[in-house]
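The two complexes that follow have subunit A in common; it is paired with subunit B in the first and with subunit C in the second.
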Partner chain A sequence: MDILYKIFLEPFALMASAPDLLLQTLWEGLVSGVLYALIALGFVLIFKASGVFNFAQGIMVVFAALTLVGLHEKGVPAFLALILTIGVMFVLAFAVERIVLKPLVNQPDIILFMATFGLTYFLIGFGELIFGGNPKQMISRELFLPQGSTDLQLLGGLVRVQHIDIAAAVIASLMIAALAVFFSKTRIGRALRAVADSHKAALSVGISLDQIWVIVWFTAGIVALVTGIMWGARSDVSFALQIIALKALPVLILGGFTSIPGAIVGGLIIGVGEKIGEFYWGPLIGGGIETWLAYMIALLFLLYRPQGLFGEKIIERV
Partner chain B sequence: MFYREAGQYKTSYAADMAVFPLRQDRIGLAIIIAAAYGLAFTKNDFLLQAVMIPFLVFSLAAIGLNLLTGYAGLLSLGTGGFMGVGAYACYKLMTAFPEVNVLIWILTSGFFAAGIGVLFGLPSLRIKGFYLAVATLAAQFFLQWAFNRVPWLVNYNVSGAIEAPLRTLFGVPIMGPTATPEVRYLVVLTLVIFLTWIASNIVRGRIGREWMAIRDMDIAAELMGIKLLPTKLLAFAVSSYYCGVAGAMLVFLWYGGAEYTVFDINQSFFTLFMIIIGGLGSLIGSFFGAALIYMMPIGLGMLLPAILAPFGLSIGSETIEHLRFLIVGALIIFFLIVEPHGLARLWQIGKQKLRVWPFPY
Partner chain C sequence: MLGKFTLGAAAAVLIGATALPAAAQDSIYVPLLTYRTGPFAGSGIPIADGMHDYLRMLNERDGGIGGVKLTIEECETGYDTKKGVECYESIKGKNPAVVNPYSTGITLQLIPKAAVDKIPMLSMAYGLSPSADGNHFPWIFNPPVTYWDGASVFIKYVAEKEGGMDKLKGKKIALLHLDAPYGKEPIPLLEALSKELGFQLILYPVAAQDMQNQGAIWLNVRRDRPDWIYLQGWGAMNPTAVKEAVRNGFPIGKVVGVWWAGGDDDARAGGEQAKGYKSLDFHAVGTDFGVIKDVQKHVIDKGLSKYPKDKVGDNLYNRGIYNSMLVAEAIRTAQAVTGKKVVNGEDVRKGLEALNITEARLKEMGMEGFAAPVKVSCEDHNGHHKVFVAEWDGTKWVKASDWMEPMKDKVRPLIEAGAKDYAEKNTGWPKRSEPCAKQS
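After this line comes the complex of A and B, so read on.
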């Protein structure tokens, strides 16, 4: 009885008695959810356009952030470093397309997936070799990102809101809006959607697959850079981020592999779910459940709805 | 020239179906096994402790993953977790029943890993490919958390580590601080040969053929009357068994003691790399892959300073670690592009060429 009470009653009683605490937890969940959603967005972009499940998205985030910080450490002004980093991400996209993807066209999906594994480890080694393995401070002041926090008087308590979190939410929304416009209104965006629908049909109307893939990896690289800046500003830039980035996988499962709104909604659900679970139910079984709760949520969800919230229904044809 | 089948007539079905139909193969295998046992008597502790024991242990883990991913086509990223289950189960059993021979417990601990593997393999009926990979990631992170947070698993040891107790076989210590590398190497070698022999029979028999049918096309396999759920779960069970035994050997016959961090996600990834580079769906490929992935950093560690020394450059162990990541990553991409079937396919091609030499066909 005691355990049932602790699982089903106590957490809710705590929520009702201290709504400000609940609000604080919710807010923190939403913020980490935005970051998960941003990583998931990078996955979805590449998956839609090339059918490649890009395992390297997490390390691309780290790599982009490290390049930015590393360049600044070498004495390059912050905004010039930003531009140079974008250039580096373009070179990376180009190299990936030429060296990895092109020779592997028409191979089974799983082979391409494994190739991105290889890319991940290559980038880890390369990044550590050049920038060293130690965590670095993100240059948030130089990039004019807001700092500090505000305490809001809400629901009879104080809710602390970090300014950088608000900035992250705003920038993420702006970027998603920009991507939506890019996808629906521009010529390249339409070409991207055509490739996503069918490679062969896109080829037959004269869309260059090589070009599209470079563009899409470059876009994912930019998304990675923004994610890296935001995440780095909250904690610091280190390779541990790459493991956290794996959290984007349950997000994708929840949202569906091919849906951009799905990535965002999934990210928010996972972010909130894991913070609430950790705060209210975590102490029951020893805490630290944040590391696996997201995967368990995704696992249970998979059994019920394998294609995700917004994914296209999986139809198997022989 | 010497690798010919001329004159070797197969007069029975059994001879035709043999694992090694060529006499030269059988002789070669016998020489390799004899040489492997002979290594124990070289008294080279570095070779045995730092190279051969881990190589064999990782080969066994790679075989386990290969049964699942290479033969049954189910992608798993939970190898590290399953290895951990084997290690912790073995620890609990050994300390709870110290009078039973430890070899029995090493082999039994695999069954606990198998049970956990089946549990996390249950979603495999509904999902496959990347989705399944994520489901097994759940296993990896959950199990690693459990190793860290459940004190019962480490017998309420404050350090949170499991350590190999002193255990003997025929009066000779095979585990614990006083066991020599030679003895531990012989134990590991014997177990690995035994389990590899079992695995080679499993994959050649009905079970293995069912796995391959499911890998190639699960709908067709189902139409042929193969029950998907039991077969897939069996793949998870057997694979996790091998991983579990490998995990137990890793901790108790190699490290001598370990914490939960040994079984982290990098362990899973590196085992996966071993089978990709070695060859998916090939037992010998598991050995090749383990050799390459595990021994390459050791080789780099010895080779690079030697190459750079004449130029007055010194290279730290950290840089070698970074280079290891870089080279492993590059190698994976290289192998996938050049030969998606890995080193095992190169080995096969080489053998085929040797067979018809000097003619091209």
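After this line comes the complex of A and C, so read on.
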């Protein structure tokens, strides 16, 4: 009886008695969700264009952030370092297309997937060789990212909002909106959607697959850089950041591998869901549940929509 | 022609293979299981460099130990238990003097192998706390303190600040820990003390995957309002925890880390507001010691180290120095006990068991004021030595308490019970047959 009370009544009683904590939890979930969405977006972009699940997206986040901080440590001014890092991500996209993707055209998807594993380990080794394994602090001040926090007296309590979290939410939202416009309104965006629908059909109407892949990997690199800056500012820049990319998996399962809105909605559901779950139900089983709770949430959705919330319906023709 | 070439190559390999042990006889092989890569590299690099640089300094300055050069070899584990065991398997045939696993997870896997392979294991202030019982674990050594000693000192420190042990009743004390064998180690001791002293113990496990994503954990902290937090984190978890404490307005002076949560980078991450963060420690920081100056002169200045010059003296670098000092002293003692110059694992086990680093010896080594004396016995492979509380002043760690004695009366019975329990649960655990080694 006691356990039923703890599961079904106590958490809701706590929500009602301390609405400020509920609001704080929702805010934390929302910020995490936006950042998860940003990571998931990197996966979606590449999956849409090439049908490849890019396992290297996580290490691209670390590599981009390390390049930025590493260049600045070498004395390059922050904004010049930012521009140079964007350049490095372009070179990476170009190299991936030339060295990894092009030779593997027409190979089964699993081969391309395994190639991204190789890319991951190459970037880990290369990154450690160039920048070392030490964690580095994100150059938040130099990039004029806001510091500090604001305490809001709300709902009879205190809600603390970190300025960096507001910036993260705003920048991520703007980025997502810009990408949505880019892919739906521009010529390149339409070409990308054509490639996503069918490589052969796209080639037959004169769309350059090589060019599209470079653009998509470069865009995923920019998304990785923004993600790296934001996560790095919240904790620090280290190779442990790549593990956070695993959080994008339940987001993708939930939102669908091919949908940008799916990545956003999925990210928000997972972000808010895991924080609420950990905070209100975690103590029941000793805490630390958010790691697997995200997958549980995704699995629950999968039972009803195997293609994810916004994924394309799976139709196998025989 | 090809046949002759193949035969020649095979012969060369055979000659090389037989020549290896002969070459190994001229030196003492000291493998170091380290991690310079992966999510825990931030903590692993300074320790790896400290360990390497001290041993290298002995080679450069003294020509090794007792006139025998040390062969130092690192094996990268990435703090991954599987890789650590692979490293061990790759080095065990090379006649290692002692193994330093540098991970509680790896230590737990290697404990049953040590007695079989006759290789002593030094898990310096980490690993399985009950392995301090020499009667059950003759091949495992974990001086100068166990995690249980550390947790007991933390409770003593809290009691001191709160006005006495009786004032702990009703207090909320939290353990924020990595959800891994290392992070869970202090739980049994804290649970026992919680029952005895009446404080409420709250556990906050942090999965390795969420080391840099602790938002939800700190919401729980805000809800539960613990009076004190004991941080048993590692790698990227520590700087994130310090940052989150600052972000969430938790009084940073009431966060005390175990000695592994006391990296300079861990505290530095919290910026100006991390001033007052505390950590347990058992050696000094800085370069103002003869031993560090020798490392600078013989290794750093000659470009024989990978560590940045300006970071020499950092807490975890000095931890590595301390670790290698124990290794070197165990070898030196083994030479004295056995009368041999080139010692092997069995000899060094005796050396570790007879280890007695006195104040005079510390002075001789240029470590006066750097560390406290260490004594290990056949029954007690740890010593349960004193530790102190260090405080981050915004730029460096400073000593913030006197040397504090662990609650030996509480820890030792738990150690012995834990060791007995371990032996019973592991069917066929061998009874100690090794005679007690004593220094003449």
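In the analysis below, the second predicted complex is superposed on the first by the 318 of 318 C-alpha atoms of A that agree within 3 Å, B and C clash if a C-alpha of one lies under 4 Å from a C-alpha of the other, contacts with A are read in each partner's own complex, and residues count from 1 in each chain.
Operating definition for what follows: a residue touches a chain if its C-beta (ideal position, glycine included) is under 8 Å from a C-beta of that chain, and two chains touch if they have at least 3 such contacts.
No experiment lies behind these values; they were computed from the predicted model shown.
*Asks:* Is the arrangement of subunit B and subunit C around the shared subunit A a clash or a fit after superposition?
*Replies:* They clash.
*Asks:* Quick check for you: in the superposed arrangement, does A:G133 touch first (subunit B), second (subunit C), both or neither?
*Replies:* It touches subunit B and subunit C both.
*Asks:* In the superposed arrangement, does A:F113 touch subunit B (first), subunit C (second), both or neither?
*Replies:* In the superposition, A:F113 contacts subunit B only.
*Asks:* Counting only touches as set out at the top, which of subunit B and subunit C does A:L123 meet: first, second, both, neither?
*Replies:* Touch status of A:L123: first partner only.
*Asks:* Looking at the overlay, does A:G288 come into contact with subunit B only (first), subunit C only (second), both, or neither?
*Replies:* In the superposed model, A:G288 contacts both subunit B and subunit C.
*Asks:* Should A:R160 be classified as contacting the first partner (subunit B), the second (subunit C), both, or neither?
*Replies:* second
*Asks:* In the overlaid three-chain picture, which partner chain does A:S235 touch, first (subunit B) or second (subunit C), both, or neither?
*Replies:* Touch partner of A:S235: subunit C, not subunit B.
*Asks:* Which of the two partners, first being subunit B and second being subunit C, lies in contact with A:E274: first, second, both, or neither?
*Replies:* Only subunit C; A:E274 stays clear of subunit B.
*Asks:* With the two complexes superposed on chain A, say which partner A:P250 touches: subunit B (first), subunit C (second), both, or neither.
*Replies:* first
*Asks:* Looking at A:I207 after the superposition, I want to know if it touches subunit B, subunit C, both of them or none. Which is it: first, second, both, neither?
*Replies:* Touch partners of A:I207: none, neither subunit B nor subunit C.
*Asks:* Could you give the residue numbers on subunit A that contact subunit B in one complex and subunit C in the other?
*Replies:* After superposing on chain A, subunit A residues 124, 128, 133, 243, 246, 286-288, 291 contact both subunit B and subunit C.
*Asks:* Show which residues of subunit B lie in contact with subunit A when the two form their complex.
*Replies:* On the subunit B side, the touching residues are 75, 123, 126-127, 129-131, 133-135, 137-138, 141-142, 144-145, 148-150, 217, 219-220, 265, 269, 272-273, 276, 318-319, 321-333, 336-337, 340.
*Asks:* Quick one: in the complex, what on subunit C touches subunit A?
*Replies:* 36-42, 44-45, 179, 203-213, 215-217, 219-220, 222-223, 235-236, 239-240, 243, 247-249, 265, 268-269
*Asks:* Show which residues of subunit A lie in contact with subunit B when the two form their complex.
*Replies:* Going through subunit A, the ones touching subunit B are 53, 99-100, 103-104, 107, 109-111, 113-115, 117-126, 128-129, 133, 243, 246, 249-250, 252-253, 257, 285-289, 291-292, 295-296, 298-299, 302-303, 306, 316, 318.
*Asks:* Can you list the subunit A residues touching subunit C in their complex?
*Replies:* Those residues of subunit A that touch subunit C are 18, 21, 24-25, 28, 31-32, 124, 128, 132-135, 137, 149, 160, 162, 231, 234-236, 238-244, 246-247, 274-275, 278-279, 282-283, 286-288, 290-291.
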